[in-house]
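Here chain A shows up in two complexes: once beside chain B, once beside chain C.
After this line comes the complex of A and B, so read on.
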């Protein structure tokens, strides 16, 4: 299995309940908001418990991979107290329009700025992954004369990404502001 | 430091059966708790997942009535120890946890004596209280037969050892869909004969002895007669038994407060007629004095004295709602529509009982987790 790029990995193989959840909680506390943790566990009970724990604490449970009896959980730290950031970038695109263009077979440059693990568990078909943190460094891969649609989970990270590109003379950038949480169309997975 | 005690599934079973007051804090996640939990007439149970208590332990303390003893329960036992220790450290006394968690609860069998038999033998019902399965042992003159054996064969072995009995037969009333049969494994181990109804065994991968009407089975110098009666409906092969002319073992066809569901082998529509025929005609012809001993119970209210699940056939014809649906269309509707969810992994369990797949012990355990839901009225 290919390893997904994460900020931290927590090894809980061989540990029984409650330790996987207890250690996950402690580790997430030490991490920064937005970072992704991979938890490796062999206890089957960890599956329902970690998902339930994430839901109750507001952290984003990205997905689960199972490989030879090892469960790999991907969790992104969120800060439940954080105020919803005000979006500044004015040019937006609605999912309906993206859907229309895709159905018409139009070539679209969709850039998914979420973390690699989030991208791996489901993205719009054809979307390219450039996590927000890597955008400045990888901007050369993009062409300022082309049109780009940026997407993340909820429209916040893509808002920042749009601003960054606009500041660097990209002319045709739009924020797919509804984010993946509201995407009901086809998804592509690893 | 305050100490915590451990309680075994056997001890908890005794408390439930004796109607002793028991306060349980179940710390599993919400969905597991909603699916199944320890029940009893005198059991008070609440659910707070252990991971809700990592930051703030007060909800647990506040939930326990003052001065009451508390039993903490989880899936395997780790989280219940973790929580129980904190409750004890907060100064509460009489704190215990369930050894082996719900895993042990699901596997424990309580032997309950049904009766002494006329030829000097004994009949026992093994109550799998955590899952609602019932199996039976006929003992006579140093010989034993087991009907609807559960997967935990060591508990029957120990019992036979205590009774000084040698295993002769294991018999399944039908191909089970809610639990893995231990009948074949146990028969193999002791050179006993494993019986199955041939109509349920068309796809099995092993040798077995055919259960047939008219072909009686004897235990203990031919003193105890086990008389098979073909009674299809839950499965096409379902077979009942009359033991000692007094006890009617109904398998999953007739329960004390409900009747069997015909849908677990995917043929509900086809088998409705058989089920009705068995319940409304074939059993009608039997003596009302027979004591019905089913293979399941649905609710703890069905547990009688000492935990015994039984009912007089005549009384069941008066009180069991499943035996009192006069209209055939209405009956068809009851047993095919609005059925409870199917038991956990029932397809894989059937495959295992046919010998088509051989999961390891841990996998078998996982497949059986949860309630059995073999009756029409189990919710």
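After this line comes the complex of A and C, so read on.
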């Protein structure tokens, strides 16, 4: 199995309930908002427990991979008290329009600015992964004369990414503001 | 407001200890406020000597190996984990008097109180459990 890029890995192999949950809580506390944690556990109960834990505590449960009896949970730290940032980038695209273009066979440059683990668990087919944190450094991979559609989970990170590209003379950038949470179309996975 | 979990521990066996402390630590790790009221035999679960070797129910001693195989943490480990997570431990004054026990007989970091101390916390608890 390929390793997904994460900010931190927590090894809970061989530990029984409630240790995986307790250790996950402690580790997440030490991390920054937006960072991704991989929890490796062999406790079968962790499959249901860590999802419930994330739901309760307001963190994002990205997904689970099972590999030789080891459960790999991917969790992104969220700050539930954080007020939704105001979106500033004016040029938006609705999912409906993306769907229409895709089904018409139009070639679209979709850039997914979420973390690699989020991207791995489901993205719009053909979307390219450039996490927001890497955008400045990887901007040269993109052509300022072309049209780009930026997407994240809820429209916030892609808003920042659109602003960054616009400031760097990208002419045709649009924020897919509904984000992957509202995407009902086809999904591609690792 | 945070979720509140109020637990009464009134039995003193090893199984009882796991039920109490597993639920308590899991709840605390999930951002709940947790208080446990230890009364009658439940006091064993926080007694300095007793909690090191709590009895298995008669005829169930063979589970000892299962605990080891499953790598289940010891009760003293679970208790300190619970305290670290902010679980409030209240020992029942009345039962301590009946059993002639002092606060010093128990682990550090506990409160001693009466029924009202616990009820005050449990009043607006979302979850109340008795073991």
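Following the convention adopted for this analysis, the second predicted complex is superposed on the first by the 190 of 190 C-alpha atoms of A that agree within 3 Å, B and C clash if a C-alpha of one lies under 4 Å from a C-alpha of the other, contacts with A are read in each partner's own complex, and residues count from 1 in each chain.
Quick note on the criterion: a residue touches a chain if its C-beta (ideal position, glycine included) is under 8 Å from a C-beta of that chain, and two chains touch if they have at least 3 such contacts.
Model, not experiment: these values are computed from the prediction.
**Student:** Label the relationship between chain B and chain C on chain A in the superposed model as either fit or clash.
**Tutor:** Once chain A is superposed (C-alpha atoms), there is a clash between chain B and chain C.
**Student:** In the superposed arrangement, which partner chain does A:48 touch: chain B (first), chain C (second), both, or neither?
**Tutor:** first
**Student:** Just checking: does A:22 make contact with chain B only, chain C only, both, or neither of them? Give me first, second, both or neither.
**Tutor:** After superposition on chain A, A:22 lies in contact with both partners, chain B and chain C.
**Student:** Of the two partner chains, chain B (first) and chain C (second), which one does A:94 touch, if any: first, second, both, or neither?
**Tutor:** neither
**Student:** State whether A:187 touches chain B only (first), chain C only (second), both chains, or neither.
**Tutor:** A:187: touches no partner chain.
**Student:** Quick check for you: in the superposed arrangement, does A:14 touch first (chain B), second (chain C), both or neither?
**Tutor:** Only chain C is touched by A:14; chain B is not.
**Student:** Chain C clashes with which stretch of chain B: 9-17, 45-53, 117-125 or 333-341?
**Tutor:** Clashes occur only in 45-53.
**Student:** Pick out the shared contact residues on chain A: the ones touching chain B in one complex and chain C in the other.
**Tutor:** 16-19, 21-22, 25, 49, 52-53, 56
**Student:** Please output the residues of chain A touching chain C within their complex, sorted ascending.
**Tutor:** 14-19, 21-22, 24-25, 49, 52-53, 56-57
**Student:** Can you name the residues of chain A that touch chain B in the complex?
**Tutor:** Residues 16-19, 21-22, 25, 44-45, 48-49, 52-53, 56 of chain A touch chain B in their complex.
**Student:** Which residues, counting only chain C, touch chain A once they are in their complex?
**Tutor:** Result: residues 3, 22, 25-26, 29-31, 70-73, 81, 85 of chain C touch chain A.
**Student:** Quick one: in the complex, what on chain B touches chain A?
**Tutor:** 29-32, 49-52, 54, 74-76, 78-79, 82, 366
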